[in-house]
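As C-alpha cells, here come the structures.
Next come two complexes built around chain A: one with chain B, the other with chain C.
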Partner chain A sequence: MSIILDQVTKHYGGVPVVNDVSLDIGDGEFFVLLGPSGSGKSTLLRAIAGLSGVDHGRIALHGRDVTHLTARKRGVGLVFQNYALFRHMTVADNIEFALRVRHVRGKLRRQRRKELLRLVALEGMDERLPAQLSGGQQQRVAVARALAHKPEVLLLDEPFGALDAKIRDELRRTIREVQRELGITTVLVTHDQEEAFAMADRIGIMNLGRLLEVGAPHDLYSRPATRFVATFLGAANLILARRTADGIQVCGTTIAAADRTPAANEHEVVAVVRPEEVELAPARAALTTNYLAGGVVEEVVFTGALERLRVRLDAAAHTPLLAHDGSDDNASELLQVTRTQHEQRGFAVTPGQNVAVGVRRVHVLPTPLSSFTACAASAQLAEALGREPLLVELAARMKTRITTRSEPKMGVAEALCESADFVGTTVIASQTDCAHRSEWLLRRGARDLLVLPAGATAPQRVLIHWMGEAARNATLAMSASVLRHVPAEAVYVGIFPGQAGGRGPHGMRELLDARSEAQAAHGLEMRTEMRFGEVAEELARRLAEAPGQMLIVGVTELTRFAERFRALLDGGHWPVLIVYRGAP
Partner chain B sequence: MSFRQASVLPGFGLTFGFTTFFLSTMVLLPLAAMVLAAGSMHWSDFVHVVFSARALDSYRLSFGASFLAASINLVFGFIIAWTLVRYEFPGRKLIDALIDMPFALPTAVSGIALTTVFAQSGWIGRYLEPLGIKVAYTWLGVTLALTLISMPFAVRALQPALLEVQRDLEDAAETLGAGRFYVFRRIILPTVLPALLTGFSLSFARAVGEYGSVIFIAGNLPMKTEITPLLIVIHLEQFDYQGAAALGLVMLVMSFTVLFAINLLQAWGRRRHLQAASS
Partner chain C sequence: MSAAASRVLVADAARPGQHTWLHSIVRWLFITVSLTFLAAVLLAPLATVFAMAFAHGVEAYLKAFADPDTLAAIRLTLITAAVVVPVNTVFGLAAAWAIAKFEFRGKSVLVTLIDLPLAISPVISGMLFVLLFGLHGWFGVWLQEHDISIIFALPGIMLATMFVTFPYVARELIPLMQQLGNDEEEAAITLGAGGWLTFFRVTLPKVRWGLVYGMVLCNARAMGEFGAVSVVSGHIRGLTNTMPLHIEILYNEYNFVGAFAVASLLTLLAVLTLGVKTLVERTGYRGH
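On to the complex of A and B.
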C-alpha cells in the first residue's frame, strides 16, 4: 500500500473537520477524494502532505510512518488550485526549485527540467515568468514542479478549479497521461463528480469530515450505500418503499429486488431510482417495465443529448417521494426523469400530459433509518415534537420526512395503540415517565425509538452500546447511519459488571471486536471506552459528564425495561435512540 | 499612446494641469526660493557655513541616525507587519491602530515622552545607567526618537506586500523540501523586496526631516547631539536666513540623492525581472 490512513482525525475549534478516516491507497492508483466544500477533503489532503498535523490517528506513506514528519521530509508533490507558482522566478527556476534545495548539480537539474517540460508539453517555455503564461500553462508548470524531486505520492488540490472547461479537459488528460507514464500514486481532491468519474480508479466520498464510501466509480454510482452518495453522485430519486418477502414494494407495485436477499420481516426502506431508470409511456399497458404510478409531466428541458423531465406522480399513488438532490424543496414532490433521443422519438411528451411511469431498476439503500414518526398523546403535541430542532435537522440532512401520529393512550397498560404498524423511527419527547412510555411503544411493535429532550441540538459525540448480542448488528448499522449525517465522534462504551480489573483482558477483546466489526461491516470508525458497573447507571453517568452527547443503545430484552431505564430516559437532557431487536 | 482613457476623474488635461500646478506652488516654488536665497550668498560664505565642523558633525548625526533608524525599522517593521498580517490574536486590531500613533501625536510629545522614560532617572533609563548606557542626550537617544516616529512608514509599506505572500507559496516550497530559512530567503524576501525598499526610503525621508521629537531627547550639544534641522533653526534664530538656506540646500541635495538612489535600485530590480522574462 502506498498511502495508509488509520483513524485520522483533525479538529478545528472542537468540531471534527476530518473524523476518523481510515483508507488504503494502492501503488500507482489514481484516487479521487470527492465531497462538497467543507467536507474535510482538502484538510485530509493537507494532512497527508504534512502541512497540517492530525489530532489522532496515523499516516503511512510507502510503509513509512510519517505522522510526525514535517512536509519537507515526506517527499510528496503537491499542486494547488491557485497554482502557487513563485512569481519572481522563471519557469525553469520554479521547476528546479526542489532540486536546488537538494543541491542537485546544474547539469542534472537542466536535464530533469527538460524531461519534465516535455512531460507536461511546455517545451521551450523555460525562461518565461509565470505571469506570461495562461492559467492552464501555469498549472502545467506547477505539476512539473511538484514532480521534480520524484515524489512517491502526487497530491492535487482542486487543480482545475480556476480553469475554463476546454483547458480543464486538456489538462485532465495530460495529468492522467503523466500519472500513467510515471505510475505515481495520486490523490486528487475535487467537488466535481464528473471530474471524479473521468479520472479516478477509485473514488472516496467525504461529507461532514467522514469518509462515507470508497469504491470504483461504476460501483458507487450503481450501488450506493448511503443517501448522500446516492444523491451527490449524479441525480437520484429517493423513494420510501417497503421491503416485503417478495421484493420491494413501491406505490403498491412490487419489484423484485436484484441486489439483496429479502429480509426476514417487512420494514420500511429507502429506494434509489436513477432518473435514467424511469420509463414513460402513454398508458400502463404500453410500459415494458414495472409500473410505478400514473403522473403528469410538469416540466420538459431539452439539454442536447438528453431530455430532463419532472413528473408529478398521482396523489392517489401516495408515493413517498423524498428528494432528488436536496437542492430545492419543491423538487421533492416531483420525480426526476432523463430520457435519451431514442426514447423521445418513441414517445414525445409535452408539459401537462398524463403519462404512465415505470421503473427499470430500483436500488435499496442498506440504511436502517428510513423516516421519522413523531409520536405523542395528541396531534398538537406530535406536531410540536415534529418541529424539534434536532429532529428537523436530522430529517433535513437525511433528506427524509417526519410524519406525526397521536397515541392518546400511550403508556396506559392494556390499551392497544391505534395501529400496531410502526413505520421508520418513532420519536417521543423526553419527559418524566418516558421509560414507561418507551416500554409501551416497544412492546407494541416500535423497533427504533428516539427519545428526544426539548431543544436538543446536534450531538458532538455519539455513545454506542448494546445489551445482548442479537441487537449488535442493528445497533451498529443504526449508529453508522446516524453518524453519516452528524459531524460527531463515535464512541463505543463497553460496560462490564463489577470493579475495574476484574475482567480486563476479556473486556478489551470485546471492545476491539466491536470496533473492527463496525469498521468492516458498516464502514463506521469508532473509539472505544471501558467502564464498570450497572449498564443503565453507567451510561447515564457517562452522558451527564459532558453536554452535546447522544446515546444509541441496542436492546434485546424488555423485561423490567421501564425500571432498568428510568435513570437513562426519564427527564434526561440527552437524546437516546433505542434499537430494539427482541427475539421473535 | 492616448491620454483619452475612460476614467471616473475628469480628463487628462485637467488632472495633469492640476498636478503641475499643485507641485509647483507647494513644492517647487518654496524650494526654488530656498535655492535662490542660498545662491545670493557669497561663495566663500556658503562654504564657510556648509563645511564648518559643526555643520559636518550635524550631517553625520542627522543622516547617520536616520539611516540607522530606517534600518532598524526595516527589520522590526517587517516583524510587526508579519505578525499583524499572519496571525489572528486578541487585540490585533488595537495593535494595528497603535502603529499609527506616532503619526497622530505632535512630535514634541513623543520627544518629551521618550525623554521621560530614558532620562537617567526615567523608568528605563535608571536601569540602563548602571550598565553604562546613556540614551537621553546622546546619539542613541536621537536614533531612538527617529526610529519611533518613522516606524509607521515601514510597517504600512510592508503590510500590503506581505498580504500578497500567500501561505500557499510557503506550503508549496515546504513540500518541495525547503526549510524555513530557505523559504524566507528565496520566496518571501524577493516578493517583498520592493516594499522593503519603499518602507526604507519613506522611513529615512521622515527621519531626516524630523525635528520636534529629537530636540528634547538629543540635548543639543554642539558637535555631539546636534542635528542639521536644529542647526538650521539656530541660524534662523540669529536672523541668518542665508545660512539656514545654505544648510537646507545641502539637506535637500543629500536627501534627494539617497531617495533617487533607492528609486534607481527599485527600477533596476524591476528591469532585471523583465529582462529575465523577455530573453
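On to the complex of A and C.
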C-alpha cells in the first residue's frame, strides 16, 4: 500500500474537520477525494503532505510511518490550486528547485528538467517567468516541479479550479497520462464530480470531515450506500418506499429490487431513482417498465444531448418524494427526469401534458433512518415537536421529511394506538413520564424512537451502547447513519456490571469485536470507553458530564423498561435514540 | 457653479474617453493648479536653499564643509542611518512575518503598537527616552553607577531615531506578505527546502522590492529626523549634533552660508533617496 491513513482526526477550534478517516490507497492508484467545500478533503490532503499535523491517528507512506515527520522529509509532490510557482524564478529554476535543494549536479538537473518539460508538453519554455505563462501552462510547470525529485506520492489540491473548461479538460488528460506513464500513486482533491469520474480509479467521498464511501466511480454511482452520496454524485430522486418479501413497493407498485436480499420483515426504506432511469409514456399501457404513477409535466429544459424535465406526480399516488439534491425546496415534490434525444423523438412532451411515469431501476439505500414522525398527544404539540431545531436539522441533512402524528391516549395502559403502523423513526418530546411513554410506544410497534429535549442542538459527541447482542447490528447501523450527517465524535460506552475485573476478559473481547464490526460493516470509527455499574445509571451519569452529547442505545428487552430507563429518559437534557430489536 | 456649466460637465462625464474641447480645458486646469501649487510650496523653498548656499560663491560653500564640527555632524548622521536602517529592517521583517503568517493573541495590539511612532509627536518620543535613561529617569542612577551614557550620547540618538523610524519597513511589508500568502513557502518545504533556505530563496526574493522601498523610506526619515533627536542629543558640537541639529545651530549663529550649505547636502541626500525609491518603483513593481 502506498498511502495508509489510520483513524486520522484533525480539529480546528474544537470542531473535527477531519473525523476518524481510515483509508488504504494502492500503488500506482489514482485516488480522488471528492466532497463539497468545507468537507475536510483539503485538510486531509495537507495532512498527508505534512503541512498540517493531525490530532489523532497515523499516516504511513510506502510502509513508513510519517505521522510525526515534517513536510520537508516526507518527499511527496504537492500541486496547489493557485499554482504557487516561485514568481521570481524562471520555469527552469522552478523545476530544478527540489534538485538544487538536494545538491544534484548541474548536468543531471538539466537532464531531468528537459525530461519533465517534455512530459508536461512545455519544451522550450525554460527561461520564461511564471507571469509570462498562461494559467494552464503555469499549472503544468507546477506539476513538473512537484515531480522533479521523483516523489513516491503526488498530491493535487483542486489543481484545475482556476482554469477555464477547455484548458481544464486538456490538463486533466495530461495529468492522467503523466500519472500512467510514471505509475505514481496520486491523490486528487476536488469538488467537481465530473472531474472525479473522468480521472479516478477510485473515489472517496467526504462530507463533514468524514469519509463516507469509497469505491470505483461506477459502483458509487449505481449503488450508493448513503443519501449524501446518492444525491451528491449526479442527480437522484429519493423516494420513500417499503421493502416487502417480493421487492420494493413504491406507490402501490412492486418493483423487483436490483440487490436481492431477503427482507426479514416489511419496513420503510429510501429508494434512489436516477433521473435517467425514469421512463415517460402517453399511457400506462405504453410503458415498457414498471409503472410508478401518473403525472403532469411541469418543466422541460433542452440541454443539448439531454432533455431535463420535472414531473409532478399525481396527488392520488401518494408518492412520498424526498429531495433530489437539496438545492431548492419547492422541487422536492417534483420528480426529476432526463431523456436522450432518442427518447424525445419517440414521445415528445410539452409542459402541462399528462404522462405515465415508469422506472427502469431502483436502488435501495441500506440506511436504516428513513423518515421521522413527530408523535405527541395532540396535533398541535406534534407540529411544535416537528419544528424542533435538531429534528429539522437532521431531516434537512438526511434529505428526509418529518410527518406528524397525534396519539391522545399515549401512555394510557391498555389503550390502543390511533394507527397501528409505525414507519421510520418515531420522535417524542422529552418530559417527565418519558420512560413510560417510550415503553408504551415500543410495545405497540415503534422500533426506532428518538426522545428529544426541547431546544436540543446538533451533538458534538454521540455515545453508543446496546443491551443484548440482538440489537448490536441495528444499533451500529443506526449510529453510522446518524454520524454520517452530524459532525460528531462516536464513542462506544462499554458497561460492565459491578466492580472492575468482574467479567474482564470476556467483556473486553466483546468490546473489541464490536469495534471492529462497526468499522468493517458500517464504516464507523468509534472510540471506546469502559465503565462499571448499572447500565442506565452509568449512561445517565456519562451524559450529564458534558453538554452537547447524544445517546444511541440498542434495546432487546422491554421488561420493566420504564423503571430501568427513568434516570435516562425522564427530563434529561440530552437526545436519546432507542433502537428496539426485540423478539417479535 | 451655474446650472448650465454643471450640465455641461455632467454631459461630458457621461461620455468617458471622448475628447472634447471641454475635456482638454478641464485637464489643463487641473495640471496647472497642481503644478503651481507644487512650485510655490515645494520648488521655491528648495531653490532658496541652494541659492542661499551659493550666495557667497562656491568657495564659501566648500569652506563651510571644512569645519570639523560640520564634518562630525555629517558623520554622525550617516552612522546613525547605517545602524538604524538595518536594525529596523530586521525588526520589520520579523514583525511582518509574524503578523502575516501566524494567528496569535494580541496580534491587533502589535499592529497598533507598530503604528504608534507615526501617531505621537517626535518630541514626545525623545522625551520618553530622557524619562527612561536621563539622569533623573528610571534607569538614570543605575546607568551613572555603571558609567554608561545613553542620553546626550550616540546610543540615545540611535534609540530615538530607531523609535521614530520603527514602522516604515514593517508597514510596507505586512500588506504585501498578507497579499502574497503562504503557498510558495509551503511548496518550497514540500520540495525539501528547510526554513532558512525557504526564507532566503523564496520569501525574501518575493518581498524584496517592498523591503527596499520600506528601507528607503526608513533611511530618509532617519537622516532627517529633528524633533526626537533634538531632545536626546544635548546639542554638543562635534559630538552629538546630527545634520539637522547642526543646521539649526549654524542658522541661529547667523552663519547662513554654512547652514544652507549643510542643508543643501541634506537635501541632496534626500533627493538621492527619493531617486532610489523611484527607480525601485519603476523596476521592482513592474513584475507584480
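A few points about this structure:
Heads up, the rule we're going with is that the second predicted complex is superposed on the first by the 580 of 584 C-alpha atoms of A that agree within 3 Å, B and C clash if a C-alpha of one lies under 4 Å from a C-alpha of the other, contacts with A are read in each partner's own complex, and residues count from 1 in each chain.
Rule of thumb we're sticking to: a residue touches a chain if its C-beta (ideal position, glycine included) is under 8 Å from a C-beta of that chain, and two chains touch if they have at least 3 such contacts.
This one's a predicted model, so the numbers in the text were calculated from it and none came from an experiment.
In the three-chain model built by superposing on chain A, chain B clashes with chain C.
In the superposed model, A:Arg87 makes contact with both chain B and chain C.
Contacts of A:Leu51 after superposition: both chain B and chain C are touched. Contacts of A:Ala198 after superposition on the shared chain: neither chain B nor chain C is touched. Legend: residue contacts after superposition of the two complexes on their common chain; A:Arg128 is shown touching chain B, with no touch to chain C. When the shared chain is aligned, no partner comes close enough to touch A:Val296: not chain B, not chain C. In the superposition on chain A, A:Ala384 contacts neither chain B nor chain C. By the document's definition of touching, both partners, chain B and chain C, reach A:Phe97. Shared contact residues of chain A with chain B and chain C: 49-51, 70-72, 74-78, 80, 82, 84, 86-88, 97-98, 101-102, 129, 131, 142, 145-146, 148-149.
Every residue of chain B that touches chain A in the complex is listed here, in rising order: 166, 168-169, 171-179, 182, 186-187, 190-191, 273, 276-277, 279. By the touch criterion stated above, chain A contacts chain C in their complex at residues 49-51, 70-72, 74-78, 80, 82, 84-89, 97-98, 101-102, 129, 131, 142, 145-146, 148-149. Residue ranges on chain A touching chain B, taken from their complex, read 46, 49-51, 70-72, 74-78, 80, 82, 84, 86-88, 90, 97-98, 101-102, 127-129, 131-132, 142, 145-146, 148-149.
Those residues of chain C lying in contact with chain A across their complex are 183-184, 186-194, 197, 201-202, 205-206, 208, 287.
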